[in-house]
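Could you have a look at this structure, given as structure tokens, before my questions?
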Amino acid sequence: MTLVLEWTSAIFLLAGSFLCITGGVGLLRMPDFFSRVHAAGVTETLAAPLLLCGLMLQMEWSLDLVKVLMILLFVLATNPTATQAMAKATLIGGQKPLVTESESTKGDSPSNS
Amino acid sequence: MLIAIAAIRMRDLFGVVILFGVYSLLTAVLFMDLDAVDVAFTEAAVGAGVTTVLLLSSLRLTRRWEAPPRHNPFFSLLVVGVTGAALVYATLDAPLLGDPSAPVHKHVAPHYLQEAAGEVGMPNIVTAVLASYRGYDTFGETLVVFTAGLAVLLLLGFGESGESRIETSAIHDQVVLKVVVKLLIPLILLYALYVQFHGDFGAGGGFQAGVIFATGFILYDMVFGVENARAVMPAAWLPRLAALGVLIYGGVGVYSMLAGKPFLDYSALSADPVHGQHLGVLLVELGVGITVFSIVLSIFYALSGRRRQS
Amino acid sequence: MSLLDHLPILVVITPLMTAPLCVLVDRPRAAWGIALAAAWLSFGAAIVLALTVATSGTLTYQLGGWPPPWGIEYRIDTLASYVLLIVTAMAALVMLFAKESVPREIPEQSIARFYACLMLAFAGLAGIVATGDAFNVFVFLEISSLASYALISMGRDRRALNAAFQYLVMGTIGATFILIGIGFLYMMTGTLNMLDLATRLPDVSDTRTVRAGFAFLTVGIGLKLAMFPLHLWLPNAYAYAPSAVTAFLAATATKVAVYVMLRFMLGVFGADFSLGDMPLDLILMGLGLIGIIMASLIAVFQDDIKRMFAYSSVAQIGYMLLGIGLASATGVGAAILHIFNHALMKGALFLALGAVAYRIGAVTLDQFAGLGKRMPWTMAAIAIGGLSLIGVPPTAGFVSKWYLVLGTLEQGLWPIAVLILIGSLLALVYVWRLIEAAYFGAVAADAPEVCEAPASMLVPIWILVAANIYFGINTDISVGAAMQAATMLMGNGG
Amino acid sequence: MNEIAGLFNYWVVVFLMMAGFYVVISQGNLVKKLVGLGLFQASVFILYITMGNLSGGRAPIVTEGVFIYSNPLPHVLILTAIVVGVATTAVGLALIVRIHEAYGSVEEDEIHALDMADDDTRLQEGAGQEESSE
Amino acid sequence: MLTAAIIAILVTMILALVRAFLGPSEYDRMLAANSFGTKTVLLIALGGHALSWHSYLDVALLYAMVNFVGTIAVMRFFENRKQDGKEGSGGAS
């Protein structure tokens, strides 16, 4: 029985960390703000729960487990809203998203600074 | 460390504030690693949370960009170098990190570790020492918070002067955010109460609880606008609430004095001393929580209420 | 435990508890009433405390009922009761004075909170003096400093804000240095109680950490003390603050810092370590002397009278440091004596200036023309205060200068004695400038018709002036207590 | 090697302290001074906590089966010091807002210049005739 | 396995920090700070379990909250600045 637990938590953790790294790299390399928001969104809303589930599987049944569940719910509730709110605030803040990669770079410099 | 360097070099004040928030967060993680749970808790709640919010709200009122430094940095580098040398000179003889033979662990601390459970009957020794052994320090600390709140009130008033400005702000029409925040705030306030009364067993206590409680209100204020926040918690109440908190703390001390014991001796509170300690610590933490909550919120009201005059 | 045993804590607690009361009451007159009652109550308690200490020696009071190294302990010895007497006396008199001068300078709706802040500053200072625990000194230092930043920033002139901010930055740096110093001491000894520290320090005192701790403490307290190179915040802070605040802070804040210097350097580190091995006596003597000469010189050229007396305060602190630097019982005794006398002098002078500001508004030299005739009582008080500053025989100033010169001659350092006299001469120059303008200057033609300051302001001023003269003549109380405290400090290191 | 590892923590603290101290002294902007002050104080806290740490010790919360605890006293002192630090920063910020309203700027040099300008105007006025109280 | 995850989180945090330094517009800095915050919550949770700290979950939950409030404060800071017009060099730092 424990072996199965070990394996599933290992898979969860691996998947979580892989997504984390891809998100981080995405955050750096994406040319425009809104694509970066997408990359950051991925890590926050998907990698975090995966990692936390992996953690939960490793812990024995106790108060701590409930607390991790609480954190999971809280993160699930706040992160997507935060990312959405940030994207909206930036849009209002006057940053135009980079519409199409190919034409606009040939023409004037991308609308946003 | 490199965050500190970035903070020095960066001229965009907004960036500095963000980096300062990250810096105090990393300090909190470092404290966790050094087995200082309560301190990490406070540093995260107070250092990263409140300071960033206050800095941002005051930055909003003043200019954001910083003029380039004019006079040459030579003199200040000299002074810094001298003090740095004195510091490094001091550390040469200091006991190594974590070695048990250091005098710190031999003299006063062992008593706390052994007797605290017996005399004060609380697993969390830090709260035991904070509230009863060195209760007077915490009383002084509550007064420091009270003085700071008073000073800010004296300086800024409550910003009632702000006429109800119609804010066409990006946040107010974000429906998604409003719904989620409406869901979250009861949870935050509940968590604050948990931290307040959980101080004896795990990390927690009056200060952290007061700050979290205030953060809940600040969040409400930021998302739903100043008017509704003031409707919920009118500004005039806050100084009275803070004064009440300090009086609770002082009252416990005076009560133990009247009962013939020295000031702030909780064993006077009830027949069996250990139970008295429990009761005393609980009351004292409550007093601290109320004071910190009302002061942090009144500082936020004072800073956020003001319009940009200049 | 009868009321008498609770005295050490009562002196600090009464103002502490009245501050929230003032905020709750929030009406100017009632707040003033409560604050006045608290100030006089703690003054009475301080007198009884001084008497009990004089008869039955050092009093200790365990807070929270825990024995010293674990809990916090209040230790009142002769030195502490002596300084406590001065702090509470000044607070009581300033509260009397504030009745008229505060409503004129502070906006109506924040007067109650102003009194609460004043009470907190007073309680913080009293707390520092009474406590016997190193970290508790830092906490109460922070309370009094925060309260005084707020008080200074209440001044009418917009420069009061900038002065308060500079004071905040320098004060916090000073407090953090003290924190580092206490941290190093704790690192090597493991305890925070001052008496415990004194017993455990000698066997670790040759390590570099304790020496660096000593250096940090000196610099931190020096900043709080406005020692000569570190005094930049003082003139602006005292010049632009409301007059009642300047009077209170000038008479007590720096004096309590001198007390902390004495308590740490002689009480905790012990005279032989701090004055013997470490070159503290040379530093203090040198900085003291430079302070006297430079500050007096700058004071001579000042136009704003408040700034002039602020610079003269820096010079007077130079005298105290000089006394400590002499490293002898009479020298330290003279320094402690000067704490007492200087508080009386400066209190009287700044209160009188407050009365002038109350009537005329600004306190610049040209305002003083012909003031002798228009405000005779106030001007007489300033004259006598000035004489006491210089050290003319019948006044208290003379007594402390006399013992200082005695201390220097005892060690055959006659050049320093000469420098002290030069300092007094410089003081004579800037005081004479004032007296000459007031009594012999012609009243400016269109100067507004000005009558004498109200009685409630004159009474505290003249109580202080009378005390100045009384302690000039009958010196057994002030000198006796000072010398006893000095021998105790120098003798067994506290 | 143990010597260096043991003291490494202190040197990190020293560096951070000096960074904070440098910012406070050299930077003209008042807000940045406050941030520098915060940096300086935070590093003092780390110094205290590294002092109280015991290798292999657990957090000072009594749980059965654990006997080595790190020293609770520095934690208590730091709890007080953090709150004092925040209180000072809050008062400093309130002062900065008031200074900005009074002077229109938060740069030390500009404030100094404005003060100088004030003195000159007052001198001319003073020289002219008996000026009313400001 | 836990350590592998912790290392992954550390790498992502450093990446987020780099973005915070470089970040052309301050919106990027805000985004970087937010993602840094959430990563720290994960770090505390995983690290606490691995190194068996005491009551590390309270700190993690608290910091998730503080991070969210901080981000909202930053956004509030931006939109107020918008109303009274751009001063200084505005967007790109």
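Descriptive notes on the structure:
Here the chain labels run A, B, C, D and E in written order, and each chain numbers its own residues starting at 1.
The working rule: a residue touches a chain if its C-beta (ideal position, glycine included) is under 8 Å from a C-beta of that chain, and two chains touch if they have at least 3 such contacts.
As the structure is a prediction and not an experimental result, all values here were calculated from the model.
The minimum number of touch steps separating chain B from chain C is 1. The chains that touch chain A as well as chain E are B.
Chain closest to the overall centre, judged by the mean of its C-alpha atoms against the mean of all protein C-alpha atoms: D.
Which two chains touch most often is answered by the contact tally, and the pair is B-D. Computed centre separation for the pair chain C/chain D is 25 angstrom, with centres defined by C-alpha atoms. The centroid of the Cα atoms in chain A and the matching centroid in chain C are 59 Å apart.
Between the Cα centres of chain C and chain E there is a gap of 48 Å.
Chain B and chain D have CA centres that are 15 Å apart.
Residue positions of chain C touching 2 or more other chains, listed in rising order: 135, 139, 142, 146, 149-150, 153, 180, 186-187, 192.
Each of residues 35, 37, 59, 63, 87, 91-92, 94-95, 102, 104-105, 108-109, 112, 134, 137, 140-141, 144, 147-148, 151, 155, 170-171, 177, 184, 202-203 in chain B touches at least two other chains. Residues of chain E in contact with at least two other chains: 30, 53-55, 58, 61, 65, 67-68, 72, 75, 78-79, 82.
Of all residues in chain A, only 9-10, 13-14, 16-18, 20-21, 23-25, 27-28, 33, 36-37, 40, 43-44, 47-48, 51-52, 54-55, 58-59, 64, 67-68, 70-71, 74-75, 78-79, 82-83, 85-86, 89-90, 92-95, 112-113 touch chain E in the complex they form. Residues 170-171, 174, 176-177, 180, 183-184, 187 of chain B touch chain A in their complex. Across the complex, chain B meets chain D through its residues 1, 4-5, 7-8, 13, 16-17, 20, 23-24, 27, 30-31, 34-39, 42-43, 46-47, 50-51, 54-55, 58-59, 61-63, 66-67, 69-70, 73, 75-77, 79-81, 83-84, 87-88, 91-92, 94-100, 102, 104-105, 108-109, 112-113, 116-117, 123-126, 129-130, 134, 137-138, 140-141, 144-145, 147-149, 151-152, 155-156, 201-203, 205, 207, 292, 299, 302-303, 306, 309-310.
Looking at the complex, you find that chain C touches chain D at residues 135, 138-139, 142, 146, 149-150, 153, 157-159, 161-162, 164-165, 168-169, 172-173, 175-176, 179-180, 183, 186-187, 192, 360-362, 364, 366, 444, 446-447.
In the complex of the two chains, the chain C residues touching chain B come out as 1, 6, 9, 13, 16-17, 19-21, 23-24, 26, 61-66, 69-72, 109-110, 113-114, 116-117, 120, 123-124, 127, 135-136, 139-140, 142-143, 146-147, 149-150, 153-154, 180, 184, 186-192, 200, 204, 207-209, 211-213, 215-216.
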